[in-house]
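This report concerns only the one structure given below.
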Amino acid sequence: MPGRYKQITKKVGLPPGTLLHIGSTRSEKVKIRMLCYSSEHWNEKEFDKVDELLENKSITDKCWIHISGVHVVSMIEKIGAAFHIHSLVLEDIVNTNQRPKMEDNKEYLYIIVKMIHCYDNKNIDFEQVSLIVGSNYILSFQENDNDTFEKIRERMKSTTGKIRSKGVDYLAYALLDCIVDNYYVALEYLGDKIEVLENKIIVHPQPKVLKEIHTLKNEMLFVRKAVWPLREIINVLSRGDSVLFTKDTLIYIRDVYDHMIQVIDSIEMYRDMVTGMLDLYLSNVSFKTNEVMKVLTIIATIFIPLTFIVGLYGMNFKYMPELEWKWGYPAILIIMAFISGCMIVYFRRKKWM
Amino acid sequence: MPGRYKQITKKVGLPPGTLLHIGSTRSEKVKIRMLCYSSEHWNEKEFDKVDELLENKSITDKCWIHISGVHVVSMIEKIGAAFHIHSLVLEDIVNTNQRPKMEDNKEYLYIIVKMIHCYDNKNIDFEQVSLIVGSNYILSFQENDNDTFEKIRERMKSTTGKIRSKGVDYLAYALLDCIVDNYYVALEYLGDKIEVLENKIIVHPQPKVLKEIHTLKNEMLFVRKAVWPLREIINVLSRGDSVLFTKDTLIYIRDVYDHMIQVIDSIEMYRDMVTGMLDLYLSNVSFKTNEVMKVLTIIATIFIPLTFIVGLYGMNFKYMPELEWKWGYPAILIIMAFISGCMIVYFRRKKWM
Amino acid sequence: MPGRYKQITKKVGLPPGTLLHIGSTRSEKVKIRMLCYSSEHWNEKEFDKVDELLENKSITDKCWIHISGVHVVSMIEKIGAAFHIHSLVLEDIVNTNQRPKMEDNKEYLYIIVKMIHCYDNKNIDFEQVSLIVGSNYILSFQENDNDTFEKIRERMKSTTGKIRSKGVDYLAYALLDCIVDNYYVALEYLGDKIEVLENKIIVHPQPKVLKEIHTLKNEMLFVRKAVWPLREIINVLSRGDSVLFTKDTLIYIRDVYDHMIQVIDSIEMYRDMVTGMLDLYLSNVSFKTNEVMKVLTIIATIFIPLTFIVGLYGMNFKYMPELEWKWGYPAILIIMAFISGCMIVYFRRKKWM
Amino acid sequence: MPGRYKQITKKVGLPPGTLLHIGSTRSEKVKIRMLCYSSEHWNEKEFDKVDELLENKSITDKCWIHISGVHVVSMIEKIGAAFHIHSLVLEDIVNTNQRPKMEDNKEYLYIIVKMIHCYDNKNIDFEQVSLIVGSNYILSFQENDNDTFEKIRERMKSTTGKIRSKGVDYLAYALLDCIVDNYYVALEYLGDKIEVLENKIIVHPQPKVLKEIHTLKNEMLFVRKAVWPLREIINVLSRGDSVLFTKDTLIYIRDVYDHMIQVIDSIEMYRDMVTGMLDLYLSNVSFKTNEVMKVLTIIATIFIPLTFIVGLYGMNFKYMPELEWKWGYPAILIIMAFISGCMIVYFRRKKWM
Amino acid sequence: MPGRYKQITKKVGLPPGTLLHIGSTRSEKVKIRMLCYSSEHWNEKEFDKVDELLENKSITDKCWIHISGVHVVSMIEKIGAAFHIHSLVLEDIVNTNQRPKMEDNKEYLYIIVKMIHCYDNKNIDFEQVSLIVGSNYILSFQENDNDTFEKIRERMKSTTGKIRSKGVDYLAYALLDCIVDNYYVALEYLGDKIEVLENKIIVHPQPKVLKEIHTLKNEMLFVRKAVWPLREIINVLSRGDSVLFTKDTLIYIRDVYDHMIQVIDSIEMYRDMVTGMLDLYLSNVSFKTNEVMKVLTIIATIFIPLTFIVGLYGMNFKYMPELEWKWGYPAILIIMAFISGCMIVYFRRKKWM
């Protein structure tokens, strides 16, 4: 992730508004999906080229145009021209390393958010989603072509939902809600990892665990960085300053805001928990090592006086009366047994064993 | 607790207002208690079905309807329809994983709080309580059927209390006050645990204690997360923006606010104390281990030169004059006693023993 | 101190305004001291019963009524009725576990503060003082009967002081100033303890010191908790929102405010210093232990090769030519002396000794 | 860097507005580059003396005068006089140890920023850039003569760019944007260092690494100190309080502001990561040392009883029946093998090996 | 420094406005320097008594009266009476333990600041300076008689400076600027100490260094406490609320404010650096100790099996065939050399040596 800035540095000194794709290199075809809808009818089309899109654009209906892939800069440029979008906004769309932000350009609202994907609860991935919300159209840009928004498209196909009868601001809410819902999946992923790591720490603390804690901490830093700014964005939205969002939709936006607060609360709590885990791990490791060392040192301590005694009677002095005694050997064995017994009792009493 | 998000992720992509119970699965019957009252008379009924409730609803009196159990989504839906409650609010009521919050929908005030239960001072449990405060009715939703609000019902039965003569806003205050009073029980529980742990740390520091500190820290994180947002809610209430709360009741709300501040102050102080305990534990453990190691090492150090000496006279050189001396053996014993005596004196003086 | 919440939990579910003494149980008699004064005359009386007080109450003069002891709930109730004090305020007065706070009830100002006592620089104690400041009277409630306010009474007896000629707001200032002055005594107590502990750490670091640091830290937490909210209270007072405080007195209140800031600054600085002390202690202990271990290990290391050599010539092989040499024994002694000399030189050079 | 204050202390007691160059001593010649431009024509000249500049100054065109080198105080003084610049501003320009700041003197805007250079990804360097933005001129002062702004000059030479047609406020934006773009290079440098260090910590933790972490931390502190204040400056600029900046340019300024937020976010995240690295390093080191000690202690523990046994049969007692047995020697060998086998099994089972 | 509160506690219970000198006891004579000046003429006089000052006070000119020494309370009282200064202000002037603060009493502005002196870069000292800025006079009070403001007096003697032509507000600025400039000297002192300590830590980490870090940390705490409040004071001044400060002077005040920000920034950065140093020291010490222990343990480990072997052949069994072999002794020497060789190779490969 830190490596990403290498790409940004390519832009140093270029004039503003220069479109330059920043992100992992891709070669897939860019797909354009247009969904024109009103409460009565709806109409979905898929294009490969921007020109086809522009020809087919309906003017009367509400329209959701979704572009999967922002790596073909020329396409973004054409769309930008057709919808009168400021070149700085286009620059941000193709730069997938943006911080979540919102800009109110009067005619349209421009929102950048980070989508978080979790694959098989194994790893976590970030994707930039840009929304341009106009009076009767929404442009959404995504890095990849995945089925995140599929459920929303399905809800739109069924005639019963509110989503068809309400304006595009409600659709914008639905998209944001869908993205925030995905944050819960990330929270679940992080929560699972914390539980697994806590078990590992208690059962078998190893340096590998430490690296996993370190990785988890960094993942949390990235999630936090992606999620935190969105809170402020949705807060501003919910205050209803933009004329594009009707009062009716604001209730729903406030609901998303509550979710955001909850997500951020949980991340902060997780951070505290991980910090606690690190302490737990470190003292568990040091405790275990200390225990081992203590036991081994005690064994050595018991044998040291004994070894001294047997050395004593291994001396070759000519005049050592004990050596001549008949019961000298068994006596010394009993004495040594007694000494080691005393030491064990002493250590036990001191709670060293 | 982190596992709870698994349930929320089921909601990803569903339209807003979809009622889906989130929380531990339950099978008990849902109980509905209706309490209509005025300063002159009062009237308590219990129902199993929503329809019975709606038939019996009095219009003129003040009314407190308490629903124990939010896992039967259809009942919540019916009540919602009867009282014209927004679908997003209903969604929050059945999602027992909400953050405490308040919403002023003009016609009614919607408040979510967390009740904390302590069972036998052994463990701590959280329960979501949702209040809907209308002009002359209160709806309260609880996850379980327990007797937390029993005392309030009893106070209402006696004619002397203010609670009968005042409006439903005073009843709302009484319910919040009751919930906040329960926080003191949680504080007592945490305070007791801290005292017990501090004793353990001083008397017999063990790794088990460390795990208990870790658990206590996490419990505090959860209590904090449940309690903290309520402060802001009650602060907003006490400012008197809502028309549903009379000026007279605001004095009481401010009293609850003071209690909240005190609860939060104590939690923050407890956190500092627990952090201090961890330091105390860690250094106590390391001090004890070091003491053991030091004593053992000193024993070893005293015997090492002695063992060398006895080894010296165990050598088989042909010409070792000392071995032939008559007083060689006792002389060497005295020398060794002298050496070890010197070392003990030296170690004592250096304060190593 | 954490045990105090046990008493609060007795109140769970009781209606608001129920008077219940919370604090350490006492049996002393409650004393009531009335001091009526104007710039011309003054008049001090002492009563045992509230009725006597009410009979003797002067209406024209300024009046300071001081009650020592809040554990006789019925007396507080009577006084409250006579002075038209809200039942919630009375509840707070008898609950000695309140957070410092201020309430402006238009007719009177209600202030709770914590007095800190230091006995012989040995231990620290907290006492709740409640002030009710009316237009021409002050009610002050204290847990114990001690001579904290004696100096103020003496100042009032002398005719020269401003305190007689000015209103009761000036008297309220004098009481607050006296309480804040006592905080400096607490600061002195804490500062002395820090100095003593720092000396102990440098001269003779022991685990006992660690416990003392821990106790000191907790004492600071309690002092901080007692002092911190008063800052905001005096800040609000000094802004002059209350009509009961004249503009003339506000200058003095601002002076108390400056003192509060200084007290809080010092507490924060003390906390930083104590944290630094903990670090100093821990590394001093570990340094000393390490030094001991190092010296002992070096002794062992010097003797280990020597013990090997003497063992070598203690072997019973038939054909060991060295054993037969005439100068074998002295030669081996010289060799061993040489080896240990080399090792000592090497260790010295490496700065290990 | 801390040594820099030595130079500032030379100024103690001097009257304000005294020009005194503070920074590393230089002897290169100061270069003055004047670039007069409008959308139709442009004109670049280079001077050595201020007088030449003043003679050639065009009045009608927009003008960018760039001075490389602020160590010749007399030149700065002359320029200041010609452009009516306040003496305090001139004092700040020659004092290269300023904190980034902005001042709106109505007639001109005065901005100090820090440029960060990275040489070959090896080390990082700071340089002060001062901008004076008037109604139709920009004065820029730089400590060195490097080619940082070369790209902007080139963009101006080409007729196509917006930079020629727009006012000097747009040029000011371009300069700030160029400086902020350089911060990304610094981020890349820091990110690379973090990655390299993380690898080193995992593969081969050495005390050298610790010093590198320490250096990296300090570098981050300096970058942070240089970057942080610029955020507020650009925020103030983007609010559009200054009449010198047109509404049209503000969109671009806000874009720079977004970049600043991103830069600061990243620095904060890097700091968290480095703190995590330190923990990782310390526990890795202690783990490795502990492992070594444990293995060695285990070896010693296995041999200690064996050494005791061989010492036992090295005693010279006259009556030791075992010594006479024929199979005594092989028996004792087998017993010792058995004992050491048992110990190894035991240690394995306890997971100590 | 903590001991200072002992003196404050003497004031407990005294009426406000009681002048009581708090600070180190002094016996030097108090000097009064009066400097009357206008742009045309100036006039400096020195007095020992307040009465002389009052007789000589010019009414038409701007006047700077500097009192060196605040320990003679009666003099301060007289001056206070002559200039109509509030008794609380006088109380603060003689109490040299004040927190920096500013009070606007309409007729005069009262400012308390802390001067920091560094003697020979060895130790640091604090001195309280109080300024009373009237419409055409300045009173300045200092604890000692040193030459800090000498440079300002010299600037006033020369006719060229702005300081003579401008009002007393400019003089007040000059005094504040002089005090803030002295903070840079303190920064230099702290920066030097950090550099010296960092060197010591890397070259020869000793427990003495730890105590020096601890002292440095505490010094920083005191500097921070003295400097921090001044920032807010100068900020308020620069906002221009006081009528005593002309708009022209505010530009200079803002310059001082910038310096203050820079000073505080540096102190915060130094604190971070010192914290980093502590970590560096602790891990350096533990690394060095660990290295020693490891080497010594390795030596012991190599000799332990060898000592076992020589013990083995020191046994006195009758039937030990090896002892009879002719090449037994050289064979066992070779075997032992081989074993120790293997161990050394193994340890080398494991990077333990």
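In order of appearance the chains are A, B, C, D and E, and numbering begins at 1 in each one.
In this text, contacts are C-beta pairs under 8 Å (C-beta built on N, C-alpha and C of every residue); 3 or more make two chains touch, one makes a residue touch a chain.
Model, not experiment: these values are computed from the prediction.
Asker: Which chains does chain C share as contact partners with chain D?
Answerer: Chains that touch both chain C and chain D, as defined above, are E.
Asker: Which chains make contact with chain B and with chain D at once?
Answerer: Both-contact set = A.
Asker: Could you grab the centroid distance between chain B and chain C? Build each centroid from C-alpha atoms only and quote it in angstrom.
Answerer: So the centre of chain B lies 26 Å away from the centre of chain C.
Asker: Would you kindly tell me how far, in whole Å, the mean C-alpha position of chain C lies from that of chain A?
Answerer: 43
Asker: Chain A: which residues touch two or more other chains?
Answerer: 286, 293, 297, 300, 304, 307, 311, 314-316, 320
Asker: How would one label the connectivity among the chains shown: line, ring, star, complete, or other?
Answerer: ring
Asker: Considering touches as defined, can you lay out the ring of chains in sequence, from chain C by way of chain E?
Answerer: One full turn from chain C through chain E gives C, E, D, A, B.
Asker: Write out the stretch or stretches of chain A touching chain D in their complex.
Answerer: 2-3, 5-6, 8-9, 11-16, 86, 88, 92, 98-99, 101, 103, 204, 207, 210-211, 214, 217-218, 221-222, 225, 278, 281-282, 285-286, 289, 292-293, 296-297, 299-300, 303-304, 306-307, 310-311, 313-316, 320, 322-329, 332
Asker: Please output the residues of chain A touching chain B within their complex, sorted ascending.
Answerer: Interface residues on chain A, with respect to chain B: 151-152, 155, 161-163, 174, 177-178, 181-182, 184-185, 187-188, 190-192, 194-195, 202, 251-252, 254-255, 258, 261-262, 265-266, 269-270, 272-273, 276-277, 279-280, 283-284, 286-287, 290, 293-294, 297-298, 300-301, 304-305, 307-308, 311-312, 314-320, 350-352.
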